[in-house]
Amino acid sequence: MRLTLVEAEEILAGALQRGAELGKALSVAIVDAGGHLIAVKRSDGARALTPEIAIAKAYSSAIMERPTNMLYDWADSNPGFFAQLSNLAARPIVATEGGVTIKRDGEILGGLGVSGGTPAEDQKVCEEVLTGLGYELTFAAWGKNRG
Amino acid sequence: MRLTLVEAEEILAGALQRGAELGKALSVAIVDAGGHLIAVKRSDGARALTPEIAIAKAYSSAIMERPTNMLYDWADSNPGFFAQLSNLAARPIVATEGGVTIKRDGEILGGLGVSGGTPAEDQKVCEEVLTGLGYELTFAAWGKNRG
Amino acid sequence: MRLTLVEAEEILAGALQRGAELGKALSVAIVDAGGHLIAVKRSDGARALTPEIAIAKAYSSAIMERPTNMLYDWADSNPGFFAQLSNLAARPIVATEGGVTIKRDGEILGGLGVSGGTPAEDQKVCEEVLTGLGYELTFAAWGKNRG
Amino acid sequence: MRLTLVEAEEILAGALQRGAELGKALSVAIVDAGGHLIAVKRSDGARALTPEIAIAKAYSSAIMERPTNMLYDWADSNPGFFAQLSNLAARPIVATEGGVTIKRDGEILGGLGVSGGTPAEDQKVCEEVLTGLGYELTFAAWGKNRG
């Protein structure tokens, strides 16, 4: 099952709508399960690098099969190793708020990345949009990981 | 004057619409005058790398301030130097069809890149969409250039 | 539908078997539809770089959705642009013999790469193994492509 | 003396078998003494990046001639320098669990990398498999090393 462009646009529209409600100019990116781009949008006024940041968050959440804020423990416990992950991947792997795996019926469909708000806002936008559209937000715990 | 997201989406929609008419699954990208992403969409069925190719075309046409098919002479006359341009830039600089500078009232506003059709189709889509929306397609000639 | 490790091993075994019959020490690689590794094997006596070459062939055939020998026209008609594809992708994109897309029921499942024989042998091994196992080897033509 | 493909496959099979017993989808990689790939396998369900991580662990343990968990002291005592090692090598050098040097009769034959379990599981799989097959797991201590 693949995420369609129509589904991706629905997610993007929901995220930008929430950004507008928050008064924040967001960039939003969606990648497929293999980490490849489906859609990106940068709101007027969002900084030039925010689409790239959103893409990195989306990519990380898809390819690691976990929201990017579940990667903190790993990044914290072995930062040197965690940094090298980015050299093993097609794009940087980031531990941060605002990247959430897109999952439905237990299947990983891709990743959503949001940039431009506070970390808490970026995260909240991802979660609200995905929940609102019926995607699943439960992921098996991923504990401290020295490597 | 900056290209707004609404204007970018209008261009994207027009390009994807023409792709549908051609029966081709296109990826389309738009960057601003500084070469930074505004919007990208990959149609269902377009290959995984086509968004990246579209971005490179859009970037090249914005940052070089010429459609990417005006770069052939330079690329052909000094391919070694032309290849190094990509190492000087944030993204690859490509000489190809399907990347057209977005210009209005003589001002460079960004670049449009299309990938997924034949080269002629990619180019035709760019030109038709931009002309249809009132953007300008005339650019001063750029001759052979050894570097 | 995903290619399983069992299916990948079946393909690998068939390729190495044909290499043995040819008296050639081959390396063989298989990636999934997103271009990510499933399995690699280097025969005793195969050169150190052959697994990497096999991986690049497998990756290219999966991500471009065409056997690597269908990319010659593109590479020949616009070598500068073709070379930049490798900078847009997770791995080098190569136009050569010995990389064949793995397809079943019209769906792209991944790519097979073989290195270590002559180009003709590498190609023959790919085709014979995939055909023998019931995969499809017909791909829509991809003509000259200036970009 | 070189590690043969048959020997490498024996190690791989043992590691995947232990992964199955643990209920973990592992990726396993083996490189030769020069750090070049011999064999890689990704179990069904293992994340897309796990083969790359396993390769980095295998490479590090072969090329540094020590299990990757003997590199912590160095990495911790001079993280900036340790990070640069990866720029001096063909692949990232990682300090982590799950990469063990393959040694027999005092000779370094290569490296084994395992990814997909917890760090402790990855390490345990490496050690049990190599011990079970008669490889040696004793390495001279490697103390703090500022560079």
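The first chain written gets the first letter, and so on, giving A, B, C and D; residue counts start at 1 in each chain.
Assume contacts are C-beta pairs under 8 Å (C-beta built on N, C-alpha and C of every residue); 3 or more make two chains touch, one makes a residue touch a chain.
Source: prediction; values computed, not measured.
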item: Interface sides of chain A and chain D: same vs different residues, half threshold; value: different
item: Interchain centroid distance [CA atoms averaged], chain A/chain B, Å; value: 27
item: Between chain B and chain D, centroid-to-centroid distance (C-alpha), Å; value: 45
item: Approximate Å spacing (C-alpha centroids) for the pair chain B, chain C; value: 30
item: Multi-partner residues of chain A (at least 2 other chains); value: 32, 34-36, 89
item: Touch-based graph of the chains, sorted into line, ring, star, complete or other; value: other
item: Those chain pairs that satisfy the touch definition; value: A-B, A-C, A-D, B-C, C-D
item: Chain A-touching residues of chain B, taken from the complex the two chains share; value: 2, 4-5, 9, 27, 32, 34, 36-44, 48-49, 51-52
item: Of all residues in chain D, those that touch chain A in their complex; value: 47-49, 52-53, 55-57, 68-69, 75, 79, 82-83, 86, 92-98, 118-119, 122
item: Chain A partner contacts - residues on chain C that touch it in the complex; value: 32-36, 89-90
item: Chain A residues within the chain D interface of the complex; value: 34-35, 63-65, 78-81, 83-85, 87-89, 93, 143, 145-147
